[in-house]
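In the two complexes that follow, chain A is the common piece, with chain B as its partner first and chain C second.
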Partner chain A sequence: MRVGIPKGLLYCKYHPFFETFFRGLGAEIVNSEDTSKNILNMGVKVCVDEACLPVKIYHGHAASIKDRCDLLVVPRIMQVHRNEYICPKFCGLPEMIVHSIPGMPPVTSAPLYMHSKKSLFQWCVSSGSAITRSRSRIRHAFELALKAQNSHKTGIMDQKDITVMLAGHPYIVYDAFLNMDIVNKLKAKGIGILTEEFAPCAASESQVKKLLKKPFWTFQRNLFGASAALYEQKKIHGIIYLSSFACGIDSVVIDLIRFHTGDFPMLVIKFDEHTGEAGVDTRLEAFTDMLERRVLNEDNRPTYGQCLYSRQNPV
Partner chain B sequence: MYSLGIDVGSVSTNLVLLDNNNNVVEKLYVRTRGKPMEAVQLVLSEIRKKYDSKQIYSAGTTGSGRMIASIQIGADIVKNEITAHAVAAIQTEKDVRTVLEIGGQDSKIIIIRDGVVTDFAMNTVCAAGTGSFLDRQAERLGIPIEEFGDHALKAAVPVRIAGRCAVFAESDMIHKQQLGYNTCDIIAGLCDALVRNYLSNVAKGKEILPKVIFQGGVAANSGIHRAFEKALNMPVIIPEHYDVMGALGAAILAREKVNRERAGTRFKGFSVSESSFKSKSFVCSGCSNQCEVVSVLENQQPVGYFGDRCGKYNQFTASATG
Partner chain C sequence: MKITVPHMGNVYIAVKILFDGLGIDYVIPPLNNKEALYLGSKYSPDEICLPFKLMIGNYIAGIKNGADTILLVGSCGPCRFGEYPELQHKILEHLKYNVEFIVIDAVKSIGLRELFNRIRIVGSESRKTLPGKINSVIRAYNAMCILDDIESQAHFKAGYEKERGECKKILNFCKEEVLSCDNPDKALKLLKDYQDRIRNVAVDYSKKPVKVAIIGEIYSVIEPFTNLFIEDILMDMAVSTRRNLTPSWWLKDMLLKIIRLNSRELLKASDEFLPLCIGGHARECVGEAVLASREGFDGAIQIFPMGCMPEIVSKAILPTISREKKLPVLSLIVDEMTGEAGYMTRIEAFIDLLERRREHVFAWN
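Moving on to the complex of A and B:
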């Protein structure tokens, strides 16, 4: 039995669970390759036009391995936290995939409530039934999968003289093709990076509590809470928010952060199918130029028109 | 000794020559027409008629074509448009606090406090409300772009045009025009729509304080200028060299850098306007990324590469431009 796991969307967060579970049942795991131009082209070709870029890329990943596996794992992730939802596109992902890509093998379609052990187990029973009917084998593989998942950590913590928070949905932050390798671009400029995973939990929670209403989306809780906490604790000099074009959740979250942080430097970069990097490079370069000058000038406000490019402060 | 600045933008390529006191002694503005390398050679061959290569103290490039131009001419500094525009704005108006800049494909707002850039924003993926859109509408209406603004000023009652998206704006304009609205009123409506879109999109949440200066090619459009003054309810200054501010900034930054490093200029000389520049693109098959790599050839010799993600080729470029 070959089980295909596309490397798109929340794969970066949850792949140990799925891979360990199916490997525990004796299946062979077939992964798609890292996102590439081929994957993007395939995804754009089959996916509905209105979807966001990460969903299109997910379609490309699924299409690239569909002929090499007997079962494709398309997680229908409903919730990650109790009483909160993630993006609505996840709820209908299996249907989208099956109806957009011709010639699909069977796909997993049971819903996943990641915060509930019971729901996860039910998913395993339903999805594992294609391989085995033995409850005990499923139970064993499930326990291994949970363990693997719990020891899986993501995030970037690399603090330097100038550090930015790299915010955005995980599948944008951790997909180097989609985000035009922004992590290495920042590294090359000597800029430190913090991601939402390294924001102090308690401080994030207390920021979220200050909102007018409880967040509906988990992405909103994580991104707003982390940005606000890192900003309040002065751990960062700016925020770079990576967003895919036409993301509904981001349209709310970006403004929530802006409203909270006032004139704190924040750069929003929108990604779509562009592969020309000049636009991103210009924005990053200008943003880091600005941060460098702001930091250097914090204690030493210049007289008019003098400090922008002095010898002590080369551009 | 002069400092040379070249701004290779999507619509125009500009060159300025500054004297030792950063006064503009020459400026050239040509259309890029999708051929950045030819445009750079064209401006260089023009300037060559009056100046000698030895008179050039420093050279800088900016604009979306800054990398390719720097390889061509041997630039001392390659700087993004935001920084270049901000430097030029501060040089021109010492106490500027807001810079509105609308170019061919980009529009940006730069917030300056006490002579330091404190915030900026650029348009996102959509190019609605930039010069190339105005260009296209002028062409569709058969009005030379130079006269577009004057038509707007003649309007009695500006018509409301949807400004959110270039495609929507165009269809709205066509519908209004087919209903018989006056062309001047439609153009004035378009100017208002562009400004509305700029203020609610690019400039959203930014504190616009005077002095406000408006630069970039679109500043030539008196209709947009008036629409800005009306919407902001404050005077908007258009600097004398509004159309070449990027190049001006690049020239200033280049001089600073050569002063700082004391190693002389890397400028290759005006003779490069005679070299034959070609570019050749190929798909690298080194990995699954399949990057589209462009190599720039000067007299058949490769002088630079772009477009590869891993740096296999553009390492070479980096060492060439420093």
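Moving on to the complex of A and C:
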């Protein structure tokens, strides 16, 4: 049995779980390659035009391995935390894939509630049933998978004289092709990076509490909480928010952060399949130059009394 | 306290009847128009969905007319609608408008206590006795149901009417007259009269008009300004339309959801293609497409605002339904840039296609 696992969307966070589980059942794992031009083109071709870039790329990953596997794992992640959602597109991911890509092998479609062990196990039973009917084998593989997942940590912490928070959904921040290798570009410029994983939990919780309403998107809680906390604690000198065009969640979150941080430097880069690398480089360059001037020469104050990269400059 | 509410189709008429009955001070912002859209787009995030922008436009117009409180219903599906108040509040604050938000939210997210609390804030403005208040609410609810019924009959009968344009005329008169009536009891009476009138419109069921189901995102199908008055256009073309999503449907759905008895048929129809609720009304959209084909409709038109997340998922599914159930579907995506000319052409071409397709089928029979 060959089990295909596309390397898109939350693969970067949860791949140990899925891979360990299916390997534990004795399946052979078929991964797609890292995101590339090829994958992107394939995705753009099959996916609904209006979808966001990460979803299109996911389609590409799925399409690239569909003929090489007997079962494709398309996790329908409903919730990661109790009573919080991720995004409607995640909830409908198996349907989008099956109805957009012709000639799909069977796809896992059971819903996943990552916060509940019981629900996770149920997912394993229903998805593993294609391979084995033995509960005990599934149970065993499940335990292994949980352990593997728990020891998997993501995040970048690299504080320097000038440090920015690299905000954005994990599949944008950690996909070097999608974000045009921003991480290494920043490193080359000697800029430090912090990601949401390293924001102090308690502080970000208390920032989130200040919102009128309890957020119901995990991305929103994480990103807003982390940026607000890092900003309040003065751990960062600027925020670079990597986003995708047509992301409904970011259209809210980015502005929430902007309203909270006011004049604090924030660069928002939105990607889609037409984004050119040169343009991104220029904007990155201008932003980091500005940060350098501001931090090193001007005592962290904007030159003209207002920061060109904050609310006045939405892109 | 002077309350204003954002627009959504004919809801304002029921709201008027409600507040007139309760004796609460209110402002109904002018119907959605270019101005609301302009202001809304100017102050909202670029990529937020269209309803958000129009609502901001409504608020600003309402505030300029003296409103100091905004009443809004919320929801907490995994969709943006539930996050509207948060950001809208911040935007209005930023614009230095001093307003209060009262969000009637789902019990699940704020708890029953808080819900009653919020309702009490609104209710305490009224000097009516409790039975009087309850009576007003029921009356407004009835008005909404009747209004929706009149509208849906008018839309459906437009294809069958003997005298072209009669349904549309009745519908327009009805809205006008009810709106200019300040006595809630009289307004309800008027509505009932109009309901009779529309029921008795002379129809010719031997006609075979093109029948189209209007499906998609709830706000953009209900609010005619967002979909460039598609239902009126189709009435003029003598096309029969049906739309399941109405304000009264929404209310019933919200209430019945608590005991999971909501829209059973619709959800069952969607099971084959989208078995889970993914937020917004994607599931209803899919279910309606299936039902439409089952009930012999000629086609379906899906309408949603640019960037609407749940509807993008249903748009991915619709081609399969279209293929398997032989139901042509046209997806129309609306945003502040939607141009009338191209839009009209697409609708006309689609209706044309449905007509020709039918002749084709007949020829083969």
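Assume the second predicted complex is superposed on the first by the 296 of 315 C-alpha atoms of A that agree within 3 Å, B and C clash if a C-alpha of one lies under 4 Å from a C-alpha of the other, contacts with A are read in each partner's own complex, and residues count from 1 in each chain.
Methods note: a residue touches a chain if its C-beta (ideal position, glycine included) is under 8 Å from a C-beta of that chain, and two chains touch if they have at least 3 such contacts.
Computed from a predicted model, the values in this text were never measured in an experiment.
In the superposition on chain A, contact of A:158 is made with neither chain B nor chain C. When the shared chain is aligned, no partner comes close enough to touch A:143: not chain B, not chain C.
Contact with chain C, but none with chain B, is seen for A:92 once the two complexes are overlaid on the shared chain.
Of the two partner chains placed by superposition, only chain C is touched by A:220; chain B is not. Touch criterion met: A:245 reaches chain B and chain C at once. In the superposition on chain A, contact is made by A:34 with chain B only, not with chain C. Of the two partner chains, neither chain B nor chain C is touched by A:70. In the superposition on chain A, chain A positions 245, 314 are in contact with chain B in one complex as well as with chain C in the other.
The touching residues of chain A, counted against chain B in their complex, run 33-34, 36-38, 177, 181, 245, 258, 263, 265, 268, 270, 272, 274-275, 277-279, 281-283, 285-287, 289-290, 293-294, 297, 301-309, 311, 314-315. Those residues of chain C whose C-beta lies close enough to touch chain A in the complex are 45-49, 76-80, 82-83, 85-87, 89-90, 94, 101, 103, 105, 109, 273-280, 282, 306-310, 312-317, 319-320, 333.
Chain B makes touch with chain A in their complex at residues 64, 67, 77, 79-83, 86-87, 90-91, 94-95, 111, 114-120, 122, 124-125, 205, 207, 252-253, 256-257, 260, 287-292, 307, 309. Partner chain C is touched in their complex by these residues of chain A: 47-48, 50-51, 76, 78, 83, 85-89, 91-92, 95-96, 99-100, 109, 111, 211-217, 220, 245-252, 254-256, 259, 314.
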